[in-house]
Structures are given as C-alpha cells and as structure tokens.
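Following this message is one structure expressed as structure tokens.
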Amino acid sequence: MGMQSDIKLIDENGLRIDGRKPDELRPIKIEVGVLNRADGSAYIEWGGNKILAAVYGPREAFPKHTQNPSRAIVNARYNMAAFSVDERKRPGPDRRAVEISKVISEALEASIFVEQFPRTSIDVYIEVLQADAGTRIAGLTAASVALADAGIPMKDLVVGCAAGKVDGKIVLDLNKEEDNYGEADLPLAIIPRTQEIVLMQMDGNMTREEVREAIEMAKKAALFISNLQKEALRAKYEKGEIQKTEENSNEGVNKGE
Amino acid sequence: MGMQSDIKLIDENGLRIDGRKPDELRPIKIEVGVLNRADGSAYIEWGGNKILAAVYGPREAFPKHTQNPSRAIVNARYNMAAFSVDERKRPGPDRRAVEISKVISEALEASIFVEQFPRTSIDVYIEVLQADAGTRIAGLTAASVALADAGIPMKDLVVGCAAGKVDGKIVLDLNKEEDNYGEADLPLAIIPRTQEIVLMQMDGNMTREEVREAIEMAKKAALFISNLQKEALRAKYEKGEIQKTEENSNEGVNKGE
Amino acid sequence: MGMQSDIKLIDENGLRIDGRKPDELRPIKIEVGVLNRADGSAYIEWGGNKILAAVYGPREAFPKHTQNPSRAIVNARYNMAAFSVDERKRPGPDRRAVEISKVISEALEASIFVEQFPRTSIDVYIEVLQADAGTRIAGLTAASVALADAGIPMKDLVVGCAAGKVDGKIVLDLNKEEDNYGEADLPLAIIPRTQEIVLMQMDGNMTREEVREAIEMAKKAALFISNLQKEALRAKYEKGEIQKTEENSNEGVNKGE
Amino acid sequence: MSKGSDEIVYGLKRDYLEKISSKGTRIDGRSAIEYRPIVITPNYVIRAEGSADVKLGKTRVLVGVKMEPGEPFPDTPNQGVLTTNAELIPMASPTFEAGPPNEDSIELARVVDRSIRESKMIDLEKLVITPGEKVWIVYVDIHVLDYDGNLIDASQFGAVAALLNTTVPGSRYGMEDFPLPINHVPVITTFAKIGKQLFVDPSLEEEEVSSARLSIATDENGNIVAMQKGLSGSFTQEEVYSAIDKSIEIGKDIRKRLFGR
Amino acid sequence: MSKGSDEIVYGLKRDYLEKISSKGTRIDGRSAIEYRPIVITPNYVIRAEGSADVKLGKTRVLVGVKMEPGEPFPDTPNQGVLTTNAELIPMASPTFEAGPPNEDSIELARVVDRSIRESKMIDLEKLVITPGEKVWIVYVDIHVLDYDGNLIDASQFGAVAALLNTTVPGSRYGMEDFPLPINHVPVITTFAKIGKQLFVDPSLEEEEVSSARLSIATDENGNIVAMQKGLSGSFTQEEVYSAIDKSIEIGKDIRKRLFGR
Amino acid sequence: MSKGSDEIVYGLKRDYLEKISSKGTRIDGRSAIEYRPIVITPNYVIRAEGSADVKLGKTRVLVGVKMEPGEPFPDTPNQGVLTTNAELIPMASPTFEAGPPNEDSIELARVVDRSIRESKMIDLEKLVITPGEKVWIVYVDIHVLDYDGNLIDASQFGAVAALLNTTVPGSRYGMEDFPLPINHVPVITTFAKIGKQLFVDPSLEEEEVSSARLSIATDENGNIVAMQKGLSGSFTQEEVYSAIDKSIEIGKDIRKRLFGR
C-alpha cells in the first residue's frame, strides 16, 4: 500500500482509473470442471486475473503424522506462475504465498464439514496464471467452486471481495494501480448463508468508520459474486448432463473395440 | 585465533585488557527454571554472554528411525540469535553451530544415564542471546543445569571453562578481544566428580607445556563454576518451595472458580 | 555442443586432435572390486576420465513409501567431485547430474532382474573423480561391472559408447575439445546379448543418415568394450582366488591371537 | 494444535472454558479486555542496535534490531528497507520444530511487519545513505523464547519497544550515530473467540480452545493500519466492529503505558 | 508409476493394451502415428513476453516466456542466455508433489531446452545489450496444468509457440521493443513402446503400460537436433531408425499445422 | 553407529576388543601407536591444482585442491581465503547418506581445516592479487571413497599432500603459475579409547567399540596447533597428556615419512 505517486486515481466525475464507479466490480467469469485429473476444478477470470483452482481429496493424509484422527485437514496452496507477473517470479513459494495459503486454508476450512473425513487431507491448489490485484480473493472464490465440483460437503460456498481506500474514497475491488498507489486494502471472505466473516486482512490506513464502510461494501459484493459461483456450478451440471450423453454415444464409435 | 593487530592484550602489570588477572574468570551468574514451557531451563550470564538453555524430554524420539532401542539420544542444538553479534547473523545453523552442537551433545551425553530411557530423545536447546567469547562453554554449563532442572538423571553436572594463550601468556576464560587477537584457545569441559574430560577443543599454537598449563587452569576454574551451578539449583529449589506455597494459596483467590 | 571456435578438429590426414582415427576409441582400463565397503565396485579409466562405481544392495528400500511390492528399485546417483573439472563444481547434484542419474538408472534397470527383489533398492553410486568427455557412458559401463561384482542377477552387462559429429565427420568417442566444439554427440548404451538400446541421447545437428552411422559406430564399439568388462571381471575372480588364499595364510601370522 | 493432546481431556477443557466464557469469565480471572502483566526490558541485548525483552504473562519474546547498509528496492530508491523475521525456536514450545520459517512464523512476522510498515512508524526516507544506491536496512528479528499464547501482541510490543530504542550505527561506517527516526507508534491488539465471546490477549490454554483470532493494529490517531483474521472459525460483522472499537481504546492505553506516547 | 494403483487392475489393463496394440490398435481409436487433437492459444498470458496455452487431448500445459537483462555466461559473452524450467505442480496430477524440481521435471525441462538450443531456434547473438556485460535472459517456464500423458511434446509445442510470439521488452529498459529473433522451428515427436509396437503421443494410460519412450526433435531441414530415450525398456536399432523417419515426417506436418512454417 | 547392527553381536565384539585391548593388543596385530599402511598418490587428479589419493589401511580418501580468484574476507583484506569441505558420499559406507553436509562431515572438514589454518601451513598473504579486492581462494575438497575408520587422519594427510603439490594456476587468469607458498606442515594424530587404552589410527571395528576419540594436530616444532575430542566418552587428564606427547612423536615420523619434512 501507499507507494507515492502523482497518479490521480479518481477523476473529477468520481470515476476510477479504469472507468469504474466506486462500488463497481471488475468483470468476473467463472467456469467449473475445467481440468481432467483433479477431483474438482474451477477457473476464474476477475479483471486481469486468470486463476485456476483444483481440489484433490478427501484422500489419506500423507505423511501419516499429519493425520488428524477426528477430522480432515485442509491444505490450500496458493502459487503464482513464474510468468504471471511483470517481473519474473522465481518458482516456489515465497513468504507472501505461504501466508496467503494459510489464510485461504483457514477460510475454506470454516465452511467444510471436516469431521466427516478423519485422517484425510483435502488439498486445494490455486494457480495464478496471470495476476492483477486481488488474487487471493479471486483464488479463494474459485477454490470454493472447485470444492463443490469435487463434491466436498460444505455449509456454503465461501466467497470474497476486497474493498479499500483510494484518493480518500472507499472503493470496491482494487485494481493493480489502486493496490500499488492507494491508501488501504481490505480483502474479505464470508459464508454467504450466515454472512459470517472467515477471511479478513487489512493494510493501509483507515478510520473506523471507513473500515465499516469497506466491510459493508465488500460483503455486499461478495453476496453478488456468490450468485456467479452458483450459476457457474449450475451451468456445469446442465452442460455436464448433455456432454455425458454425447460421450456415451461416441464411445462405441471411436474406441473401435 | 590470531588475527594480527597492534593491540597490547596484557599490560606491564600483567593485567588483561579488561583488568583481569591471568587466572581470573569473568563474572558469572546462573539462574534456574527461567522458562515455563520447557521441562527444565537455565540462564547464564558470563561476562558479556547472555545464554538460555532449555531441556525437553526424555520424550519419544521422532522420526522413529532415529530411535535407539537401548538408550536415549541426546540432541543439543546451539543457536545464535540474529542480533546476538555485531554483524547480523542469518537465522539458521551455520557450519560452526553444527560442530558446536555436536561436541556439546557428546559432552552432555557423557554424564547422562542414557540407558534408562531407550527410544527417547533428550533435546537440549541453547540460545545465545548476546555473544561474547566462550559461548559454547557457557551454553554447555547452562545446559547441564537445565538438565538437572528437568530431572534428568546424571552422574554429575558437566561444567566447563576455556583457557588460552594471549601475548605469550596462558590466561583463563578469554574475552572477545583475546579470542580475536590471542594465540590459542582451549575450551574444556569436565565431569567434576571424576574430573574426566568430556569436551576439549583447541586452536592456535602452544607448546605441550603450555597446553598442560591451560588444561590445569581451565579444570580448576571449571570446578569453581561447578559450585555456582549447584548453588543456582539450590537457590531455585529453596525459592521454588516458597513460591509453590504462595501459588497454592493464590489459586483459590484468583481463579474465581 | 557447438561453441564456436577456429580450432580444426580433424586434420588433413583425417586424424583427430588427439591423433585418433574417426572410429578409434580412447584407451580404456577397467578394474573390479576396488572398494572394501561396497557390495560391488569397479573403476574405469577412459581417456582422461577416472570414475568409480559402487553398488549397495539389494537392501530394504528406505523410506518405506518408496518400496515397490513387486520389484526392486534401481537408484543410480551420478556425482562429480568438486575438483574433477577445470572450474570447481559446487558439491551436490545440479540439474545435469539429476538427468544423467535418471537415464543411467533406467538403462541399468533394463538389464537387472528386478522382480527377484521386491521392496528393495539397488543403489548405484558413480563418482567422477576426473572428468573428460563421455562421463555418463563411462560411469554406466563401470556401474554395470560393479553390479556384476555385487552379484546382482542381470540379463547381461549394460555397456555404452558415444559417437558424434566433428568437423562434418562422424567420429567415435568424443574427447573434451570435440565435445565442446563439435557438431553433435550421441551417447548410446546397449545390452550386448540382444543388442537392444537401453540408453540413447543426442544433441547437436545430424541428418538421419548421420544418426544411423553414429548409432552403428557406437554400437560396434560398445560390443568391443563389453569384452573389456568381462575380462576385468575374469581378472578379478582369478586374482581374488589367489589373494583369498594369501589372506588366509596371513591371518594366523598378523592377528597375533 | 490439539492433535497431540488427549482428545478427551481437550474436549472437557473446551467445554469448561466455553461454559465459563459464556458468562464472560476467564480461567485466570481476567476481564475480557484485560491483558496479562506486561514487563518490557528495553536494551536487553547491547550488541543489537535496539532490543526489548517482553514478558506477557508467561509468554516471553526477545526482539532485536540490527542495521546494516545495503541496496534499496528498485521501486523505492529513496527509502530505507524494513525486514522482519520471526523464529519459533523449539526452546519455546514442545510443538515448535527447528528449521526454516513455517507458515506460523511467517504469518507472525508479516503481521508485525505490516503494523510497522503501514503505520509508517519508521521514517524510511531518512534512512538513505546514497540515493538509489545505499540505504539502511532495518532488520527486526523476533526470537520467541517461551510460548504461552498471544505471540502476535508480545512480538509487536517488543518490536515497537526495540525500534523506539534503536540507534542507527552510523559511526561504525564512518558516519554519525543517530536515533532511528520514528513517526508513529502502532499497537496491535489480538482477540480470541471462545464460544461466542471475544477475549483480548489469549493465553495458550485459551488459544487452544478458541475458534478464531482477530488482530487489529491501530495508530495514535485511532486509525486502523492493519488487521488479520486467523484460525478456521468466523466472526460476525458486529463482533468485528466491536473488536475494532475496543482495539482503539486498548491501543491508546498500551501506547501510553508501555511507550509513554 | 503403477506402484500406487491396484496391481491386478494394472496387470489386466496392460494385458489388454498390449493385446490390442499388437494389432496396431489404440484404446482411443487413433492410428499409431496420430496425435490427439492439439489446440494452442498463443498470448494466453498478456503479462508474459510470450505465452501459449496448449491442449493436447486432455493434457494441458501453459508456457510463458519472460525476458530480463542479465549477465552472459563467461564462455559466451556475445550471446543471450536461454534458461528453461518446468513445474510439475500438484494441481496437474495426484502423483505430482509440491517442492523443488525433481528428476521428472528436470528431464522434461532439459529435453525441451535442448530442442530449442541445439536447433539454434533463437538467434542468441541478437540478444546482446552490452557485449560481455549485459544480455537478454530468455526464461521459458513450463507450467503443467493437467497431466494426461506426453508432457514432452505438449511442453515443447508450447515453448515453440510462446517463443514465436515473444516480444523482447526493450522499451521497459529504455530501449526498443522487437520480436524475438527466430532462426529455426524445432518440433519434438515422442513415441511410446507398448509390447513391440511404437505409438506417437501416448496418453497417460498408454504411458502407464509402455516400457520405453523415445523423443526426437527435428528441424525444418529434416535434421535431427536432439533425442532422448526414456524408461527402463529398450529399443531395437530398427525401431529407432523407423521412429526417426516418422519423426521427420510428423515434424514437418506439426510445424506447418501449428506454426505455419 | 552401532544402532543398525545386531546388538548381541556388537556386545560380544566389544567385550572381545575390550578384553584384548586391556592387554594392549589390537585385533589386527598392530601396536597401540602403529598406523595401518599408508599409501599416498599425489597428483591423482590432473584437472585439480593439487590432489592426493590416500589409502590408510582399507580407508580411502581423495583430496583435491582447486584455486580461483575471489573476494577476501572484509576483516582480512590482505590474505587469501582457505575453505575446506568434506563429502561423506554414500559410496563410501552403507551408513552415509546423500545430501548436504551433516554434523559428521562438517566436523571432519572443520578439524582438518583448523590444522591447516592454525599451523599457518599456507602463506595466505602471498595469495593476494589486488589488495582488498581480489585474492586466491583455496578450496580443499575431501572426497571420502571407502570408509574403514579414522577419516580425520586420512583426510588430513590427503589435504597436506595435495596442498604440498598445488600449483597456483595464475596463467589461467593472465598471471604466472607458482607453487602454493607453504610455511609449515601440520600432522594430525587421532587416538581412540577402548576400555581404558588409547590406540592410534583406529580401524572401523575399533571405532565402533571406542568410547572417545582425541585428535591432535602438531607442527614441525612439536607445538600443538589444534585438538578435538569426540564421542560421548571421556579422557583423564593423564590420558590427554600422554596422547599429546605421543602425537608429537608420531607427527614427526609421519611428517618425515610421508612428506619428507
């Protein structure tokens, strides 16, 4: 937060550098079941972010001493592709990625019925293929859809959005310039059904009233995005039914047995 | 040993750079039971050294393949805090620390009745918070007290001291300048009851007569320090008895059950 | 391959920089049973290469999860000593060594009756003490002899040779200058009995006819080297018989029981 | 980390703590917004440029600051560099293991770091030696010695105390010594949620049964400069708002009491 | 990697595949020299200097190219530097583990690298900024997203496609942008041996029962620039010769079809 | 490392060795102060600047010296740099594992290093190329090939022999070649304690039953330049004094016999 610059991030009409209104989201597109090997998967485009999420499990936790006899452990691994950012990122997790993986794991676990799967791990892989700002929330939002695609029982699909402060104003869903030169960023994730907060971080500088405004704004947007998640799952199952039928009819033809 | 300098380390009156006589120790202070989580602990101030030692165990050795079916393994880990030295030390063990950890482990093991605890490990952690010269011996001396505090059965408390050669003279307990610009250093540790030597290293250049003189001098000092160890343990148990009584009487008052 | 230079690698008489003819091998010397601790060992000098190979196993594979219930796993580890090359090599495996270890493991496994030793590992250590070109093939050739020395049942002794292209000509067994400044290198290993190819790599630039010529040339040489392997083993057992007798007679004299 | 402990004992303990906490009561008799005794010894390590030994109840953390000349980041050529590291050494707890930083120590270091960085506590622009080439690197090293809960607050208090006592060792490099230039004094307050109640400064046994954690860093203007929610439980919006309000009050008190600001 | 799977099922599968393959038949109906459908999306990642998303049947690989100024190797002071890396991320397969490159990912990266390097695809001499001091480093990063067999060919096609679309970002460093200078277009063709038959572009289930693998990189002149035999089985000389001949033909087709060259 | 072996066999062996050693007898018939046969082949590796292959009984160690220009340490700007490394490669023993140096290889390297450094064997001041900027780095690499006991002495003899045969490769960098400048010749003698007896040059089976180890490095003036006690047993003062006296005598003999000095 808060690198100095002379860039004006909000213009005289109250519009942001990319033309959005303060409470306007960037375009979001979610696809379900985009990978073959994973037990569940999802792809999200959110502004300039392109992120894949995949789920394996519940499967026996390995090595054995990591097993919890009373519940599943949830391991999310957030990773950026070397070419996803302007300056090449060395492969492997840096400290930022380790922290993000931790808060995402905790947020997802909040919604999963982990008691149903003792001694197992539920492994969630989030790959940032192209990064704009807000990758952790976009990744978490996709991961949650991938968990549903994998059939993991959950209270609800965790979903998130960030809000922050830019040129003295509270705005929704910061883009890269706003993230670099703005005054505060507050990523938030909730369980929509109960509106409980399962992920929240903040850095920058806001009054308590501004924090409340940002939380409200992010929560409202998260509820909207929650619908996009569910629509994407619905679309998959409708398409899935059709495809399955087609595949079955193809099988006889192609396999040439 | 032996960086060149024009520093005169012993003056015309035979006194050392910090005013000590050749066979004079730096001030030593030992406290017992200074940590809460560890099974045993001790703190030592020795000249400018500030060192904590903690003991966990005997506990099941992990991973399993490290277990010895006939005795406990003794793992000492000597570690310097990043800020303990003039130039910041990168966290994590360097080669020097690995070697020191090894010789300390071996010296402590010489005194412990390891046969009584098959398949276990006795883990000794030595943290150098502020380093002057002689940290390995000071750490070992504290570790031995921590082992006693943890109730580990031992033949006796291992104790040590260094002697060396400075400006052509054999002196006791080198300080930092003497260690940097002196001619030899010989750290030594013994089991006081039998006066057996359990740790000895040496670097520099001494005749065999000088080595004998240094060993004699270090041994004599070690026997003196042995008493400081025992006094510290005594003080702890006397204080401990008083505190325990107080704590018991407090319990009813504060816990508000 | 293919660093540019003005060096003429083949002279007007068709002779190479070290005086060899195009299809001429460098001198090769193989010794068997050169190490005491290993279950089997061999030493090879091949041109300027000096390479040791040692075999341990079949022994229980560790850690357990690497065990294969139906066969032995073959782990070859190719390693260069720090001082084996002109510029000191940092100890530990680099990417090149990891790849070479993999292709050597696979080539050796092709000949070993791995089904006879479920849950075990057969560990092959190849140490390049002095490197000229062609270390992987020389190491593999020695490793195969070490396997025989360890009594591991095999279809036949894997053996190899490289051929390549230098100054536009197909030549056998490239030396260091030819490897650096030549146009192609093709290391090859076979099982002599069946002439099957178990290792083949190539880099550079050759027409398909040139590749065929190189493969033919390398194969022919490999069959020749196969005889050197077998002679070395024979020599060992003959010498071994003699030595064993001598050792037995010495035993009474020296051990002074 | 209940995994290693006896599940039944753990269950009983949790039931007990949840029961008493539903009445706002804590096992050690503190009020919900009461810290354990805090004892800070500044300049504990004289070899460091600044340091502080912090005892927070039975938790003990030693923080040292070292300063060395180095290169600035390319995108901030006219600023010193702040780098924060935490070591959860095995001395401090039977559950800590030797080795490189893990997710717990990384999160700890990064949360403390953000409170310092985002509050602009240090005037990094005054730490330039040669613009674009050489600046002071501020190393804040958190060394956890005894773990009885609430490492975030103990470490943050230690970092602040150490930085407030730091002298930039210019003379060691042919320049002049000067006190580390300080603009602001951030304070973190951490809450643990047990059952439906929030408690500040959780002890270890409270942490073991808590479902969620919330750390809030405030500055002397009562502004929020960093937040971090932890653990796999959740907070309602009202709980968050209430925690924020309390953190501002508690922060003021701690700032005055510990740092005289 | 049959170890983890049920040995009996695996045995039946192998028997079945070997049986049908002895008649030249493949489980998905392809001919022995037929690739699965290939879909390449170039410039998939706009933040990269070049990129390509490759779908080869159900295998999916994303390759990105980044370029940064750096130091040349001492022995090639007047050439840019090519460095190729592959990540077998655990997203792509239940058998892939997080962590530093292992022998599989290293072999994959090195085989792809050799096809590019030995064919002299990139004109590295045009990537010098200051001779002997500063050159362009070309980072080719292979990110495997979905593993259903034949990673070598999918990755190599992706690397070629990405490089063909790469712009050297000179303007970022006060120079001019220019297209990455390309001299040649290498194509790798990989064969798997099942029983006594060779099949191109093996799917995962074919790989699982194959005894040996042969990858051959050819250039547009029909020359061989790299080869790599893999797995613990063997090839006869005739099989190798036949594979080489086929790889030249297939390479021509792929080169034209995918890269228009 | 008796852990892996059969405990009963080990017990019997120890009893037997302790019994015969109490009479001063060794299992291979040597006297208490007798080394096994030592065969040193200098310049074994011609690519190295110096090297020596050492056979000490059935123990075999290869030591190579490489020299490269590099930066001096800040506190010794006018001296070359000595760096010693030991690799206990798995070839040499079933108990050695591949991987980064562990405590055994680090101790080995550091003890050998100290004997060279503290005796001032190498005239490091003659290894300066540009004062304060560029000096020769002397890399001593100890490669253990066959482990049958007493690695310290075998490695130290190898290091000394290799250094005595080292040529500084100035011509490779546009300077002149010259022999590595040598001032002193240190020799280490290692004793193992079995029961109450001390024996030099322990074989592996002697090491396995010994309780303590003492290594003493002496120079040609009969001075002590380094000592290292090892293992979890102990020595009496008299044992140490006796070992020191013997090490001076043995050192003289070894120095003459092996190095002609």
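Order as written gives the chain letters A, B, C, D, E and F; numbering starts at 1 within each chain.
FYI, contacts are C-beta pairs under 8 Å (C-beta built on N, C-alpha and C of every residue); 3 or more make two chains touch, one makes a residue touch a chain.
Since the structure is predicted, the reported quantities are computational estimates derived from the model, not experimental observations.
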Q. Which other chains touch chain A while also touching chain F?
A. none
Q.
If each hop has to land on a touching chain, what is the smallest number of hops from chain A to chain B?
A. 2
Q.
Quick check for the class: compute each chain's Cα centroid; which one is farthest from the centroid of chain C?
A. D
(Q) Report the chain whose CA-based centre is farthest from the CA-based centre of chain A. (A) F
Q. In angstrom, rounded to a whole number, how far apart do the mean CA points of chain A and chain D lie?
A. 28
Q: Can you check how far apart chain C and chain D are, centre to centre, with Cα atoms defining each centre and the answer in Å?
A: 58
Q | Length of the line joining the C-alpha centres of chain D and chain E, rounded to whole Å | A | 48
Q.
Residues of chain B that contact two or more other chains, please.
A. none
Q. What are the residues of chain F that contact at least two other chains?
A. 101
Q) Looking only at which chains touch which, which shape fits best: line, ring, star, complete or other? A) ring
Q: Could you walk the ring starting from chain A, turning first toward chain D, and list the chains encountered?
A: A, D, B, F, C, E
Q | Contact footprint of chain E on chain C as seen in their complex | A | 1-3, 68-70, 74, 95-96, 98-99, 101-103, 105-107, 109-110, 186, 191, 194-208, 211-212, 215, 219
Q.
For the complex, give me every residue of chain D touching chain B.
A. 25, 27-29, 44-48, 51, 58, 60, 62, 64-66, 68, 85, 87, 89-94, 98, 100-101, 139, 141, 143, 145-148
Q. Tell me, which parts of chain E touch chain C in their complex?
A. 3, 7, 75-76, 101-103, 106-107, 109-110, 114, 117-119, 214, 219, 222-237, 240-241, 244-245, 248
**Q.** Residue ranges of chain B touching chain D (in the complex, touch as defined)
**A.** 35-38, 48, 50, 52, 54, 56, 59, 77, 79, 81-88, 91-92, 123, 125, 127, 129-131, 254-256
